[in-house]
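In what comes next, subunit A is part of two complexes: it sits with subunit B in the first one and with subunit C in the second one.
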Partner chain A sequence: MMMFTKPHPAQTIRSSDAVFEVKDLGVAYGRDAASVQVVNDVSLSVGRGEALGVVGESGCGKSQTMLAALGLLPRGGRITSGQVLLEGRNLVDLSPREMRAVRGSGIALISQDALTSLNPAMTIGTQMAEPMIHYGGMSRSAARTRCIELLDLVGIPGAATRLASYPHELSGGMRQRALIAMAISANPKVLIADEPTTALDVTTQSQILRLIDSLRKELGMALILITHDLGVVAGVADRVAVLYAGRVVETAETETLFASPRHPYTKALLDTISQLEDEVSERLNPIPGLPPDPRNPVQGCPFNPRCDYVRDVCRAELPALADSVEGGRHPVRCHVDPFVGLSLTMASGGAR
Partner chain B sequence: MISFILNRALQIIPVIIGVTLATFLLAQIIPGDPADVLLGSMASEEARQQLRLSLGLNEPIYVQYAIYLKNLLHGDLGQSFTFAQPVTQVIVERLFNTSLLAIAAIILASVAGVAAGTWAALKPGSLRDQGLSVVVLFFNSMPSFWLGLVLILTFGLHLRLLPVGGMQGATGSSGIGSMVAHMVLPTITLAAWSLAVIARMTRSAILDVINSDYIRTARSRGVGEARIVLRHALPNAMPSVITVIGMQMGFLLSGAVLTETVFSWPGIGLAMFQAISTRDIPLIQGGILVLAVAFVLINFAVDILYAYFNPKVKLA
Partner chain C sequence: MSAPAIQLKDVSVRFPIRKGILRRVAGEVHAVDSVSFDIAEGETVGLVGESGSGKSTTGRALIGLAPLAGGTVECFGRDLRALRQAHGALPRMSQIVFQDPYASLNPRMTIGETLKEVLEVHELAKGHDADQRVGRLLDDVGLRRDLAERYPHALSGGQRQRVAIARALAIEPKFIVLDEVVSALDVSIQGQIVNLLQDLQQDRGLTYLFITHDLSIVRHVSHSIVVMYGGQIMEKGPRKSIFSAPLHPYTSALLSAVPVPNPRIERMRPRIDVRSEPPDPSAPLPGCRFQKSCLFATEICRTSRPQLRSMTGRDPDHLAACHHMQEPHVREALSRAAQGAVS
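Moving on to the complex of A and B:
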């Protein structure tokens, strides 16, 4: 697991500085009685040059939130509520044509599996250059120069010759780099990296993470780093939002979250890192029990079947995302808030 | 790619040997004296003797097969008694006509089928998509000779727009216009079934790949829907489409027999039909051999195209 030290202090981002904001977003599949709500009033924001980690177990709605923001929900999926703001402009109301212009240059996406995310029937160069030539008005030779520059930037050796390669001719790490190069090719303001390292071996994972982090700083992009692994966000993210069952359950600056988590789910996730720190097998599901199936939502707090601190109220009412203790800087969605006041002991025992 | 082609070419050889064995045995398993079978019942005793000698019919069967192969290599497929010509000559003259019809039909079926399937896949579930499904079902559920007859009745006899049968060479007195006019109805008849199958396959192959991660990548970079379908989905759907087109080319060869008969198109199919009704065994043998070899070669070409559109196959 990678837990390299964060190189610079976190800045607090006020909402007005946000370059990208998701407000009260809801996503559902199907209609009427068959409707399944997979994302529920999720709010996130990220400032210029800031890195936000979005963490949660598989199926908690991380990818659905980001696909909704990009207007790329698969067939059957729809946004049921909320706004997606890029520099204050609401993307939810845009026409398909306007939304297309936002993709790539406004918001860019790096997906999890580079092998399936690159077109197997096109060379790296052709797919890289396609939006530049056909939507960016570049000449073929200018696009080629730009592609070589980008491949150099992401550390692919022999960039000029690699343009003619097909994706299956590259190694996993090189493919991920090529995918990153494609994502940043139109100078996006926000880069969404959806589990960019899960398909890679441990050494390559940390190289790719460092690359994404350094590109963010170099190019001044905001970064949203999605992962199921808190260890991954530790070295990169300034702030972290923890998702559970399609809802944000806790948000805080990374150091605060690691030192004094307030939600029992966050605490459980942190405990899994300290247990697994030296192990390679990270695909375990160390929190007992499974997250709820969105087709079959849990009454009250969705975490209650797995929570050690559960009380009667947890089974009856959904807690609100609120912060009465730290003046709004560390909101948590829990009736009990069991660790408040324990932060000092937590800091020494929880995360290092 | 070169070694891939050579490798596939080598695999063809045993298949072709198998085909020659099958056509050779055809004359053997038909009851009666092979000399009678090969010459027809009208032949003179003298001719029969001569044939027995030249084909080694008194020799053991493997010697006969060797003679058959040797004659084949010299382009000698025997004598057709129906046409009173060497079989090779009958076939060569008609092969061009059949190829003309089959190529026109496969081009029509492929171009129109891929276009229709792609057009439907651009808006799945839309009215035009459902309309296409109905047309596909219609084309696939009616026999081609029936479609041929309907076309003849409508466009030939009723509207009198197009000729109803026969063929006209481009060099004939009436020129290329007449040649095309004679081709329209048989080509449509022969293509209809395949066109429907290709359209359906193209549509479903595109929809299969449209949810792929790489399509999402392209969309996330601002690529528009038309380019998504034409430049990303269609090329990745092509291997399945080409396989189906290849299968349809084989199917067209057998479809040509019926279509040529309905439209009196002077191709191998019509000749085979006549050969079968008169039990002209040498011509049947030759026709089957040529059709089977054509079938094998078409599949060979399809494999190469498949590899071309699917770079990963080349490595295997």
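Moving on to the complex of A and C:
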């Protein structure tokens, strides 16, 4: 079915509700002819106490979006467009020094490689206390008390003695708890957790996710949870944004997204996962081909080489992120929007 | 039933712990402790368990890459130790594929050279003949033949994993240990590799040991499941009954920890929690390995090691090692968790 109605622009949460917003963000590496655009027109927003899940395949730009938003892009990377708003204040033009202050108390990041980036030669206590003393202006003893309080809060037993432990003396799950404690130490308004459980065992993963979720509720933080695992967002996120090739291709309330995905990519991902529950003999029907390489961008819709619903227009024009049907609550970046009818009939009913 | 393709009997593997500048042996890691299971020919056994539970070591022991401190491994009716003594090398019928194919592929050799080298070393083909075989191997794993010219760094993760599988297939093994082969890949690529492995199994009657921490993949590919914890088997049996009605508290905890990609179910379902920390493999406790984390542990769990046994009235091939698995309060808690996990 082809849609001829003029799409409404995608509606995000009104700025007054959003604590943290990324608007039309672009990130590129290199200059001129060698320039590679890794994030394109990404808009995300998260309200007070809300949890936003950001999902997508490896290389789709999840981490780069967040690093850019926090002024942490590595050398060679630059913001090419857009705004990053924390309670309405644009962070893009802040000086490195102002940005450091924001990172302490406004937004905290648990980065994807945090588990391996702990300093092996420093005790947990020293690593936790240092920023409190340097940037927070705390006394040594006040910092120590605060550290114990935080380790207690994240469920590390025997907190006082754990301060003297070196990272290698803690299990992966305990290290992740310590990192979470460090991230929330200055009461951030927004916590960004980039794949916080990927390196952990499933049993530990589930404990850490529940810890993050309960801290969010207790401390009233907004949470952005980045993951490639749709099961992880199912349990925690209120809303989900799906990224593909550096762009948001769909956002919706979590239940709506799982019950009635609209983008062919989201639909195919969910189908692959549910097929895993089938009998051994049955073949999976995975998405064919590879995700695109930002060095060789696809003309038109970036999903078109892998899409079952592709038409000529998909190869010529990039679709806009828009929603003409659900009043802007479920924007999707697709010319064809093949499941839209389904989506309306199912939205009130079925689970999957 | 015909004899199994692979048979492990009471297999143990220990590693020395060295301390100080003199690297004196200060103790031993009991990485694998009296592990027994079979793999039927043409079937897949899924080996699951948490990090450090001894999965990879078991897989390596199976193909003669880890020294046995005890027990025996039989590969297609032949004792592995005897085979090694006779041939002085790894028997060609078994192969292993690892999680990180990048680390195991030579960065300075093209894909074609890597595959050709394997064929030549094993004297399976050489020269022009070998080139042709390389082409066919790439076809078999769904790669374009022109990729033979490329170096590993110029391939995607999924493509590298296909090359690693092609390299294992080159010597025409009957049995392959697949150690976390899809763990690092995206869902779409995972699905492609899983299909490939299943097609190869069907076409060639291959036998697999599929090691992973991803329970949804293992559920899809395995005929039976072995669950390890602290170097020992906690539970083993047919896939269906393990997933629908686990007998062991650890298996139950594992299954209920897997996130279900359905928000309504995921938020509501009951869970079995595990407490505290994994066991220390260098100082194994007497009794049950899971005792420190188990909600149902009692005195007997601290003193006596539970043996694998089946449960009255259930599939006799489904075994678990738990003193209390028959007891009503344990059964009830586990079945409540199982209902949440499968629906």
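General remarks:
As a working rule, the second predicted complex is superposed on the first by the 313 of 352 C-alpha atoms of A that agree within 3 Å, B and C clash if a C-alpha of one lies under 4 Å from a C-alpha of the other, contacts with A are read in each partner's own complex, and residues count from 1 in each chain.
Methods note: a contact is a pair of C-beta atoms (placed from the backbone, for glycine too) under 8 Å apart; a residue touches a chain by one contact, two chains touch by 3 or more.
Because the structure is predicted, anything quoted here is derived from the model rather than measured.
Within the superposed three-chain model, A:Pro74 lies in touch with subunit B and out of touch with subunit C [touch as defined at top].
When the two complexes are overlaid on their common chain A, residue A:Thr116 makes contact with subunit B while staying clear of subunit C.
Contacts of A:Glu57 after superposition on the shared chain: subunit C is touched, whereas subunit B is not.
By the touch criterion stated above, A:Ser324 is placed in contact with neither subunit B nor subunit C. In the superposition on chain A, contact is made by A:Glu130 with subunit B only, not with subunit C. Of the two partner chains, subunit C is the only one that A:Leu290 touches; subunit B does not reach it.
Once the two structures are superposed, subunit B and subunit C can be ranked by residues of subunit A touched, with C on top.
Looking at the shared chain after the overlay, A:Ser214 reaches neither subunit B nor subunit C. In the superposition on chain A, A:Arg100 makes contact with subunit B only, not with subunit C.
For the contact definition in use here, the subunit B contact set and the subunit C contact set of subunit A share no residue.
Residues 57-58, 171-174, 201-207, 209, 228-232, 234-235, 254-255, 258, 268-270, 272-278, 280, 283-288, 290-291, 306, 351-352 of subunit A are the ones touching subunit C in the complex.
Per the touch definition, subunit A reaches subunit B in the complex via residues 67, 70, 72, 74-75, 96, 100-105, 108-109, 111, 113, 116-122, 127, 130-131, 134-135, 166, 168, 179, 182-183, 185-186. Against subunit A, the residues of subunit C that register as touching in their complex are 44, 50-51, 156-158, 186-192, 194-195, 198, 213, 215-217, 219-223, 239, 253-254, 256-267, 271, 273-274, 277-278. Residues 211-214, 216-225, 227, 231-232, 235-236, 238, 309-312 of subunit B are the ones touching subunit A in the complex.
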